[in-house]
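Across the two complexes that follow, chain A remains constant while its partner is chain B and subsequently chain C.
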Partner chain A sequence: MIRRWVGLLMLGAVVLLLSGCWDSIELNRRAVVSGMAIDIQQGDKPKYKVSLQVIIADEISGKYSRGGAPVAVYDGEGRTVFEAVREASRKVPRYLSLGHINALIFSEELARDGIQDVLDYMERDAQIRTTSQVYLAKGQMASDIVKVMTQIGKIPSSDLAQKSQASSRLLGDNYRVEIDDVIRALQIPGGGPIINGVKVEGDLQTAPTKSNIEQINTPGILQLEGVGIFAGDKLVTWMNPHQSRGLIWISDKIQQTAMVTGCADAKGFVAYEVIRSRTQVKAELKDPEHPVIKISVRPQASIKELNCDLDVRKNAVLDQLKQELDKVIKQEMQSAVEEAKRIKSDVFGFGSVVERANPKAWNSLKSRWSDVFAHLDVEYNVQTVIRYSGMRDRSYRSQNTKEEE
Partner chain B sequence: MNRSRTSRRGGRSIRSYTAEQAQPKSNDSSSEVSFPASGELDQVLKRIRQDFGDSSDVLIRRLVVGKETAKQAALVYMNGLVDHNMVSEFVTESLLDTVDEEPDRNDAEGWIQFLLHRTITSGEVQVITEWKDMLLSILSGNSVIVLDGCEKVISVGTQGGEARSVSEPTSQLVVRGPKDSFVESVVTNVSLVRRRIKSPDVRLENMKIGNFTNTRVSMMYIQNIAEKRLVDEVRRRLQSIDTESILESAYIEEFIQDHTFTPFPTIFNSERPDVAAGNLLEGRIVLFVDGTPFVLIMPAALPQFFHSAEDYSQRFDISILMRFVRYLSFIVLILGPAVYIALTTFHYEMIPTQMLISLMAQREGVPFPAFVEAVLMETAFEILREAGVRMPRAIGQTVSIVGALILGQAVVEAGIITPVMVIVVALTGIASFAIPAYNLSIAGRLIRFFFMILAGMFGFYGITLGLIVLVAHLNSLRSFGMPYLTPFSPFVLSSQKDTVLIFPFWALRKSGSPQSPGSPQGGQQPGQSSDQNSGQRQSSRQSPEQSSVQGSQNSGQSSVQYENQPLTPTEERKAENKLQVEPLGSQIGGKPGRWGKAFHKLPEDEDSNSSKSSEEGNQTS
Partner chain C sequence: MEKNRITSFQLFALMLLFQMGTSLVVNLGMRAGRDAWISILLGMGYGLLLFGVFAFLYRLFPGMLPTVYTQILFGKYLGWVVGVVFIVFFVYQTGRDLRDGGALMLSTALKQTPLIVVNGLMIMSVAYVIHKGIEVLARTAIIFAVVVILIGSFSSILLILSGVIEMERIFPILGRGIGPVLETFYRQSYAFPFSEIICFSMLLPYLGNAKTGVKAGYIAILVSGIILSYTSMINVAVLGVDMVQRSPLPLMTTISKASISDFIQRNDILIVMTLIIDDFFKVGIYFYVALIGTADLFKIAYRKLIYPMALLVLLISLVVAKSLPEHLEEGAEILYRIDPFFFVVIPLILYIAGWIYKWRTASKKKAASSGGQLQSSAEPHGAEGAEAKQPEDTQGSDANQAQGTQGSDANQAQGTQGSDAGQPQGAQGSDAKQAQGTKGSDAGQQEDTQGAEAEQPEDTQDAQLAGSKRGSGKDQAVPDPGSEAEPTRGKTSED
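Up next, the complex of A and B:
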């Protein structure tokens, strides 16, 4: 009995003491990285240049703030991303901790070169979470993006992540793209991911300095800019806001968005807020060689602005408005599909829709899907419901109102 | 609670001393002395004085009984232990006031009968033949009438003297519910429970435990609700106790509990009569120990320690919420600091970014790792609490202000401890007070440190391992044979009505309701209640040679023979291990069937065990 206890005790001691405090790092020995930007370099230099945006907690909420910047950017170079990250530790006094990366920014150059290699590290590393958002620095160095002082939200990467979230709710021409989404999209044959573009609007010189946030009119501001679409892992082109919203209609990611159409007959515009929407994409393979994609969208909209004299109480008027709106939405989707067809990249994932509808046919189509996709027939069916007219029905300037009174 | 370990150790050292010296002496006196032959009064009184060492509080009142015969007699009692009014009114007066025809002067038996039946007006009368019993009777506050020429004495119950009156409970408070609490006297305590359950099925058995202190211990149960085997087992364990002193119910608890090496209490205690009554009705056994207001209630499963008397006085929905809060606070208590340590030193990625930033900012400039910080703070808190317990009430407030406000504030401002750590420690501290059972709360406080160490070494991995070990340990515990996690671990559906949840009374009382009184089982129980029996039992405790014999007669099974020798501490441990006998089925916590059946082979187990332990006993002897 005693021998057993002694044995257990020694075993416990060995287990506890020899392993020590494995993996234990106190918070004040960590450098928490909030954003990572990856550029590629030309010439003799190592391929990747990684810029790490490290949070300086003391400057954000500490008692011992020295009035410096809330984040610091350190960079490292390497033949692989991992090497570059570790190389950066020459400059950082603490353990680089990648678990809180909010934003991952690729330079446009890197995206055109191919993002496959980089993403392997993102997925393989235990710390980086695949729910971090991904951005493309449109026409700029990715490292410039992580060096912008932002006004609301002290950490630029969180600021950026919040911007894309807010904008996707309000404007709806982009949506959260996470590392995970990108990796999944890369695995669709003939398809490719889409990634939100971002750029520093304005003065690149002032943006990293403190004077950037000392003025009401911010000299350099981070803003979302278009959506990059890929063929495979290579960036091919950028979509404009209309096209990108068309893409989002199709992929059923619309939360809320603002639409504008002309007034049915009169001059002026009507603005709508789409409050919810549902999209169904189906494939019809009457001829297995020529699949037809049928997209039906059911948005519900509410009138937000009415700049012409219409009586929205009347069904006929509403019908007209609805058709206008349908047309606009259909146009947006069409232009997105056209653009994708042009670059032969199935960013919508039509391929998997076809596979689901007819797996056998898909097997024969799979190898040449890019070509099939380029000539794909797509049918649109938009049935908007105009649900609310806002706080009133006719406009206050309406003739009708006066007559009735 | 206040009596700390030191004093208990003191008790042990006394025992080891008496084991060598006092014990043989007392044996001598008992063997040498029965009554002086012929019972000559002077001889008897001299012997009494001698045995009490001429103590000044032994009062001897000589008197002459009878008009014609003028029988010499004496009244012996202990000053301070008796109620003087009772002595003069019911004893002295009635002795001096004999009117009837008296027996012959030399007819000793006749005189005893005469006094018993014709003169003494008191209700509690007993004839004692053993010298030692007589001494004990005097020490218990009875008045003893010694007659010239008799080898017997009459003991009259005149217990009284100063005692604390029934007051509000101090440690188990309720907002709504009965406001009385037990006191230090067994008689009062028993009456408080009797008053609540007016049923003849309530049984009471008395025994004296402690060779030196002769402490009265009363076992109460309800005949047809408490399982017989359970009653027998408790009685057997009590009879097996061989110790010098019992000063508090905790002494008994340590002797009869199933497991020694666990922080978890396996016997419930309470100072509330309503709790005792409620538990009796659920089939548990209540032990009253003279000299303490805390009664022992057994068997006890873990969920019971989360129940408060108030659960039954409030609306059931409110009570459910309160119980959830208590379970939650136990989890917070044992895991709070551990989770904090694990999060900040291992799993920083699990903290939301914004919170991480503020935590990091706080940790900036703090010199210690989170683990050291937590241990420091928890230790400081334990010191504060310990100081607060012992502090006179007037100073208590100062301590809490200095401790909580000033110390807490200063320690953060000095940059030694992070503010979040203070929050965590304060939270766990408060959580420990939310648990109604104090002994479970201290168990939690102890376990908390183990979890902190595990978290400091392995993070959540360590916490998870610790939890697995904790649950396994809880599963291994038994309280008088009943699994400690009872309605959870052998899952009993019907008991879920009053475990974490609590159903309204009409739904609650159906399954566990007392059977109708006077059901046929009634008379078969060997352990009758009643006071005669208790008297017999008292005497059986006096002479230990008898006790084992009688014990086996009473419980109807060959119980372990305990040697009447003082045990050295290690032997004592062994003896205690012997006590950890077989699991008993019990009705507590639900229907008997579910896991009770699993233990129905009990008798063989019991036999094998008792034979084994008697072997051991022989070896030790």
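Up next, the complex of A and C:
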């Protein structure tokens, strides 16, 4: 008898336990947030305004589409980010699901004020992945950035993430910056993070409307715009594309990029594509008080465009071009280092290089690193290899072709 | 006297999972910063040493639970008390590890679920497996060890392919000197998780093959130490030392960084799986060890104890702390003051007592063969010697009586299992070395060939006799490692 009861009890338990996960929230009760924009507010208002870009699944999949926008933006205000996010849920009919945020956008104003207070939530929350990319809205409200209709990708945030990936591969003046990269950079004494800038170019009024994607000439287009460099957690200045590429040369994040140099002695320009590159940064501490940073870069390039009369079959000519290219790359790195020195922020992580080279010296330098950094000696060594010249060797304008034949 | 209960490979799997339980996912040894991996390796060294101590004791008293041989070594009462202290420690650790697993699950995956539900489910499944016996747990361990290793390799490949590992983050090695590493070693990493293998001393008697079993134990500690050290290195290389230090579960964040062209990503669930599997075995082994220890000390069939103890453990796991930080702080700040008692002091005393015991039995034998006046020479031997002496004396006399009744039985068992002294009784009087040389049995081949070790078969035989005498004397309720019939009898009486 007891056995039967125990058996029944067990069955009941099994039914209860197998029925599902205690915490489960079905997909149709979730609102998937694809992007988050954080603005800072002045005056009496609560400190942060968080705009959540929520995917409207029906509009994406098409079948039940009502022809509306593919995403909706809801905002909430609060003294902390979490408060603001939860506050936004007054406007959202579903459970906000933050696990799929592609892009996290800070406004420039917030960045200048300091981003320290907004990152803790991103790191602490178990849902938010640290793989989300971080952007700065250059000169605009962060909420404007999440409200742009984009042509190719339906979801603006993932469109933005794809844009930055594509441009880092093709142009190479920015690279993927994720939440944990920013947090790590904040920990470096005398250092600071770098964050890609983003901007709505054109008409801010039309950008959120459907007519933004109805024209060939997109009125408001979301695009990457420079790189913001920080001292500590505060945005100080923006790097121009040349400087930011210099920074990326140093950080060894170059995948591919396009370079242009003059034609040695002749008039005109040569364009190269850098196929791959390897950078090594070393610190030399003969005098522990005055470290010397040695950067050696080994890019491999191929000629993409040759607008002058050069015979690139000849090794001597290639050597000349290589010299030119080395000089340009070196200049880019120099200008990036000068800019960082000017604001006294070790965005390259030279501090860690020194620490690896000589932990003891680093301990004494650590506390005044930003001052040491401002007067740091940096040596550059660029050794480009021009590997290919493309489908032709000489240009069609070349004189020697005719003479030879 | 069926004794082949867990194979060496099963022991290996059990130990591997046990060592990785919770310690794989937490920020192990991060007090040492980026040199945590070194302190983990040091901890592994200590684990090997400690396992060596218990392997020595196991060879000295094969087929005996530590709760039995502490009574031989320390005397009946003190030995019993030591046994009880250990059991209490094991029960508490079961509760702690249950809480560990539950709390880590809650803080990452199941935020809404009450702790009691998660812990209750875990202890229920553990109790179920334990009810089925150690063999079932051991067989399950093999399957899950494979699963865990597959998950581990898959995650490693993912991390390598997604290019998030930056090895330069683990440099400089020993940048702050050896100090922090040593501090971490004595504060944490010698104890957690490596010293916890002391509970395998309770499982060693279940081994089928003593020699390969002990070897498997060493290998398991080595492998798990390397895995843990490697994990710590990967964590730092992916996240940077600061972030690892600040996260209770760095492996979750590390693995979430792995993403292959936005297609294979969000693999944190793999880590949650590993956490559940490893924690299951850790709780399971602690629980089993606590059970058989209690059963042996109080002479109750261990299956009767399972459910009451499960409730007790569940209760401990719930009340041990009110929050995860408090729980972790308890682990880091309080336990390290208590741990040395279990992980250093008692094993050391046991080891010394074991040597004295061994020496005494050996000299007694020598004296017995050469005329029979040894007792006086063995007398002056400090407290341990005196303690050890007492049971020995009684045992010596008992052994003779028991020999007639138990002798054949013991012989049979030893002969079939071939792990211990499979030496015929007749040879006992003569020199052990000679006996080994002539008989060429399993025992002879498997014992170490050192002079000291060579005498072991005799010691062990004495011990075995004492053990079997004990077993037959009282109605043995313990799942004496060796008797298959007992537990089943216990079960039938339950019904």
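One rule holds for everything that comes next: the second predicted complex is superposed on the first by the 385 of 405 C-alpha atoms of A that agree within 3 Å, B and C clash if a C-alpha of one lies under 4 Å from a C-alpha of the other, contacts with A are read in each partner's own complex, and residues count from 1 in each chain.
One rule holds for everything that comes next: a residue touches a chain if its C-beta (ideal position, glycine included) is under 8 Å from a C-beta of that chain, and two chains touch if they have at least 3 such contacts.
These numbers were taken from a predicted model, which means no experiment stands behind them.
Participant: Can you tell me whether chain B or chain C touches more residues on chain A?
Facilitator: Partner touching more chain A residues in the overlay: B.
Participant: What is the contact status of A:G99 with respect to chain B (first) and chain C (second): first, second, both, or neither?
Facilitator: Both partners, chain B and chain C.
Participant: Touching A:R298, do we find chain B (first), chain C (second), both, or neither?
Facilitator: neither
Participant: In the superposed arrangement, does A:R356 touch chain B (first), chain C (second), both or neither?
Facilitator: second
Participant: Output check: A:R129 vs chain B and chain C. Expected answer is one of first, second, both, neither. What do you get?
Facilitator: After superposing on A, A:R129 lies in contact with both chain B and chain C.
Participant: If you stack the two complexes on chain A, which partner ends up touching A:K282: first (chain B), second (chain C), both, or neither?
Facilitator: The answer is neither, since A:K282 touches no partner chain.
Participant: Does the superposition put A:R184 against chain B (first), chain C (second), both, or neither?
Facilitator: second
Participant: State whether A:K366 touches chain B only (first), chain C only (second), both chains, or neither.
Facilitator: In the superposed model, A:K366 contacts neither chain B nor chain C.
Participant: Which partner does A:D23 reach: the first (chain B), the second (chain C), both, or neither?
Facilitator: Once the two structures are laid over each other on A, A:D23 reaches both partners.
Participant: Looking at chain A, which of its residues have contacts with both chain B and chain C?
Facilitator: The answer is residues 21-23, 99, 129 of chain A.
Participant: Please name which positions on chain C make contact with chain A in the complex.
Facilitator: 107-113, 117, 121, 168, 171-172, 175-176, 239-240, 242-243, 252-253, 256-257, 259, 265-266
Participant: Enumerate the contact residues on chain A facing chain B in the complex.
Facilitator: Touch list, chain A to chain B: 16, 19-28, 30, 32, 34, 55, 57-58, 60-64, 97, 99-100, 102, 127, 129, 155, 158.
Participant: Using the touch rule from the top, collect the residues of chain A that touch chain C in their complex.
Facilitator: These residues of chain A touch chain C: 17, 21-23, 99, 123, 126, 129-131, 178, 180, 183-184, 187, 352, 355-357, 359, 362.
Participant: Along chain B, where are the residues that touch chain A in the complex?
Facilitator: Within the complex, chain B contacts chain A at residues 344-346, 348-349, 353, 356-366, 369-370, 456-459.
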